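I've put the structures underneath this note.
Both of the next two complexes hold chain A, though its partner changes from chain B to chain C.
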Partner chain A sequence: MGLFKDKYPDVAYEEKERLWEAVKADSRFPAYLYGCYECGICVAACPSARFYDFSPRKIAQAAAREDIELLYEQMNDDVWNCSQCFSCNRCPRQNSPGGLITIIREVSVKNGLRSAKQALEGYGRVIYKIMGTGTQVSPDMLQPDAFPDWGPQVREVSAELDLWRRALPPETLHTTSTGWQVDDKTIIELYLIWHNTGVMDMIAEVDEGLHMILNDVMEEKLEEAGYEV
Partner chain B sequence: MASDTTLIIGGGPAGLEAARLIGDLGQKAILVEKRDALGGIPIAEHYAALTHNFRDAEEAMNELIDAAKANPSVSIRTGSEVVECSGAAGDFTVKLAKSGNGVGESIQVGSIIVATGFQHFDPGRETQMYGYYEYDDVITLADAEKMLKENKFVTPSKGTPPQRVCFIQCVGSRDRQIGNEYCSKVCCGISSKQAIEIRQQVPGAKVFIFYIDMRMYGYWENEIYWPAQEKYHVQYVKGIITEIIRKGDHLLIRGEDTTMGRPMEVPMDVVVLAVGMEPSKGTKEVAKILGVKQNKYNFIEVPHDALDPTATSVPGIFVAGAAAGPKDLDDTMAMAGAAAMKAAALIAKRMRGTA
Partner chain C sequence: MTIPYNAVNTKSSRTFERVAEYAPQDYHEHLFELEHEGEWIVQRVPEPYVEVMTKYGRKKKIPLELTWHHKSCGQCGHIPGYSTAIFWLNRKLNFKYIDPTDQTSCTAWNYYASATSNAAAQAGVGMRNFAAAYETGYFPIIHCGTSYGHYKEMREQLMHHEDIRHQVRDVMKKLGKPMVMPEEIVHYSEWIHAVRDRIAASQKINFSNIAVAVHPACHYYKLVQEDAIYDPDIYGGQRTATVSATVTALGAEVRDYSTWFDCCGFGFRHILVQRDFTRSFATRRKIEVMKEEANPDVVITHDTGCVTTLDRRPRDVRRAIRRAGDGRASLSRLSIALALDRLQTSARKNEH
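Then we have the complex of A and B:
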């Protein structure tokens, strides 16, 4: 039992313990956590801590204490406020609170925690783009109404987007629906990596719909290339 | 007439080391110890292991005792105390008595080293702190040390291994209300050492240390504090316990976890009070008899402590160890060496007629 009142008493202790054991079992864990003497250097360096009720120090401290209930609380409420910039790595004890958060998030996603689903909800389109096409932001995402802070030239550029793109020197940029033209060999390799490393399973845990759409897109290409999915 | 002998008062680590060194320098030493046994607090209070190298305390102290005893220039009087002192540097007349008995001898000494040490703060001295005399399972560092020495760390009221143990730091130290404003210097290290020992002896126990500041200077940091956290998973929580109450068959501690910014109320099987150092009864008595000044906490006053850490207000009388204020063993032994050298040098100069 921890030092305070459990915020999630409806979740069984054994389940919280199981999730924490999964975090600890990660091979990176020993290199990310030594001990914490609460100097606060990680919080001082943390951009998220300036804007949210978020403290990388508390993450490291709770992990060092192995306070199962508090860690479950953090897994649900805190870790998604981290921007994963790793400024906290300047820790004099050589902890990596950001690294701990990476592991905690992965466990949270793999286990389909509600908070993981919520936190990742807004990223569905980005994930679809990256995983479907192998590129990130595409020119056709540049819609003037969505980016007023980019200035008046956005409207001008987006009106003749196709023309502008074709004016660019490398032929691979003559596209508006992807960042650049990704050749089939590359996209097949990417699909195989995502299937074989469990990324697709992670997506299935947090967003079934997205998983289904991606799977359809991938299946077709992979089958064409002679792979069984 | 100048005397060729140094009187050392106190047979603990500082006194034993000073006596041996005076003897090694080829001068005469008389060591007076009030208790019947030598070895001071580490022996009298059954210390398990020394901080910071975890060496067996009895074995280490026996080495010091044997070295002093084996030195032909050192004469040891146990069960004896100083009752009177007159004269000045180079020529003191001191009356000794068998403890609790007025009959004694009179000796001539050229210099005196006070090594009368400390006693542990008594948590029931003025107010009942943390129910020490009320709850069997609230103990002090010294009580814990004794259990650890016997390799039997248990919940005292039950006799079974505890599941949850906590230390409360700074009990009787750094406290204006109690009057001991000073830091006792060693308790952070000793609590951490004991926490490691508890985790070794009772691996299933969770061990917490509630503190104000952890003062783990020098190598105590990497030799005690970090291993306690990193290897033995001792839980350090910044925040001092306000009170301990009994709830059912266990104790409930109340405090603030300042790290997380929340109040806490948690059960414990054993609570160890990290009691600090106070001048021993002997230190206070001897100071009066010798006429050396005491500071506001009744330790022996050291007028120029930074550059002359063994001098007292009286020329020819030196101080070593915790009689001059809280000390760890490293500092105590170094101070004993310095005091021995000062005392011997004074006598050597008198003998040569140069002082």
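Then we have the complex of A and C:
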């Protein structure tokens, strides 16, 4: 029984425990948690703690005492607030609450938790870009309707994007759909990495539609290159 | 209550000495052991190189030339002057380099934002890029602070977790590529740090009347922190010296402020789909504090995310300056921009 009221009583304790065991089974876990002094240095350094009801100290403490119910609540309600800046690595016990959160998020995605799907709503386009092209931010993504708060230069640049890019001295930057020109062979190697490390299965858990699109794009290129998916 | 920044800016008579017993073990021993056991090839830093000091006094080798430029997707995507200027500096210094097309992003921006990947996949992407560099005979130099921090974490994981190493080896075998780990993982700002006096020797404009506030990138010095550059003459050796040492070498004045250690608010996922958080944090904890306490002419940072956060919100910056300052301040007085962006103009002039 945890110290706090169980916020998710409808989810079986065994299921919460199974997810926590998956976090602990990650080989990085022991290097991210050594206990907690409760000094709050991680909270003082944390940007997310200033603007959200979020505390890296609570994450480390719940993990240290294996408060299964609270950990499940954090997996759903807290971890997506983290900025992943790793300011909390300042911990005098050498904990890495940010590292713990990386693992918890991964488990959350792998298990298709609804909170993970909600956190990644609107983010699919970015995942498609990085997994499909090998670069995450492409010039053609920066349209004024998507980034109205980035100032008037976004409109100016996007209006003559191709011209601006061709004016750049490095020829590798004469592209608008990728950050730089990436070889076909390189992209195929990237696809093989995604397929052979379980990443495609993770995508399927959080966004079936995206998984289908990515799979189609990748299959075609891989088959052309002589690989069987 | 306002922050007593006068106390922050007053130099203490105490001297700071780092205690050697707290230093983590030099990872090189393990790196070479694994090479000896046939686990991977260690790509040596090519000569000529410059040795710089890291947090606990260890020397780090920074190659001057024969560098393979691992570009940043954020920089190339929307701050292309960044990589353009790095290449321009290499040419001005007559250094050989490669701007490769056999390179992908480290994909860590997405990983830290969405967790739609895992340790083995991330290490696979990094090791593919390192193998591609090795095949050319040139040494990788990393443009992005997040790629740099992420690759150092990846190195730690591969060194200490046999399961991840074996998973990655299987993938690399399928790609027909060798397992290669560079002797050092080097950020472009470390290269600039190493050549700062050469850059200063070619300086055309006097910066002595320019005041600078520095924002260092979190993933540069908070991830595997023992591998970042420190210097006893910069902030008494208690903070990373990268960027600040270069600014000093160029004759500008570095001004301190109390939220120096704070993140910029980038947040990876937040900068794209939850920008109200990013905007609030950048404005309240960085820009307003810089203006109030340091009142710099320019803010300099050295990473993709920080520039994106601090530079891509001109209206917020203007409002923040008005709130923190005397009401007459304008962007020309506190220009949130990357100095290298300005070098792009010079680079273009020289190209054409």
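Please note the rule applied: the second predicted complex is superposed on the first by the 224 of 229 C-alpha atoms of A that agree within 3 Å, B and C clash if a C-alpha of one lies under 4 Å from a C-alpha of the other, contacts with A are read in each partner's own complex, and residues count from 1 in each chain.
FYI, contacts are C-beta pairs under 8 Å (C-beta built on N, C-alpha and C of every residue); 3 or more make two chains touch, one makes a residue touch a chain.
Fair warning: this is a prediction, and the values are worked out from it, not measured in the lab.
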Next item on the list: Have a look at chain B and chain C on chain A after the superposition and call it: clash or fit.
Entry: fit
Check: Of the two partner chains, chain B (first) and chain C (second), which one does A:159 touch, if any: first, second, both, or neither?
Finding: neither
Notebook entry, point to check: Looking at the overlay, what does A:64 touch: chain B (first), chain C (second), both, or neither?
Noted result: first
Next item on the list: For A:25, select first, second, both or neither according to whether it touches chain B, chain C, the two together, or no partner.
Entry: neither
Notebook entry, point to check: What's your read, chain B or chain C touching more residues of chain A?
Noted result: C
Check: Regarding the shared-chain residue A:127, is it in contact with chain B (first), chain C (second), both, or neither?
Finding: second
Next item on the list: Look at A:203 in the shared chain and tell me whether it touches chain B only, chain C only, both, or neither; answer first, second, both or neither.
Entry: second
Notebook entry, point to check: Thinking of the overlay built on chain A, is A:12 touched by chain B (first), by chain C (second), by both, or by neither?
Noted result: neither
Margin query: Applying the document's definition of touch, where does A:38 land relative to chain B and chain C: first, second, both, or neither?
Written below: first
Item checked: First, second, both or neither for A:142, with chain B first and chain C second -> second
Check: Given the touch rule stated above, what does A:4 touch, chain B (first), chain C (second), both, or neither?
Finding: first
Check: Upon superposition of the two complexes, what minimum C-alpha distance (Å) separates chain B from chain C?
Finding: 16
Notebook entry, point to check: In the complex formed with chain A, which residues of chain B make contact?
Noted result: 214, 225-226, 229-230, 233, 235-238, 257, 259-260, 262-264, 266-267
Next item on the list: Spell out the part of chain A that touches chain C in their complex, as residue ranges.
Entry: 26-28, 31, 45, 47-48, 50-52, 80, 83-87, 89-90, 102, 105-106, 108-109, 116, 119-123, 126-127, 130-131, 134-139, 141-142, 147, 149-151, 165, 167-170, 172-173, 179-183, 185-187, 189-190, 192-194, 196-199, 202-203, 206
Next item on the list: Flag every residue of chain A that touches chain B in the complex, lowest number first.
Entry: 1, 3-4, 34-38, 57-58, 61-62, 64-66, 70, 93
Notebook entry, point to check: Where on chain C is chain A touching in the complex?
Noted result: 71-78, 80, 83-84, 87-88, 99-105, 107, 109-121, 124-125, 128, 132, 149, 156-157, 160-161, 163-164, 167, 170-171, 174-175, 177, 218-219, 222-223, 225, 261-263, 265-270, 272-273, 275, 277, 279-281, 285, 312-316, 347-348, 351
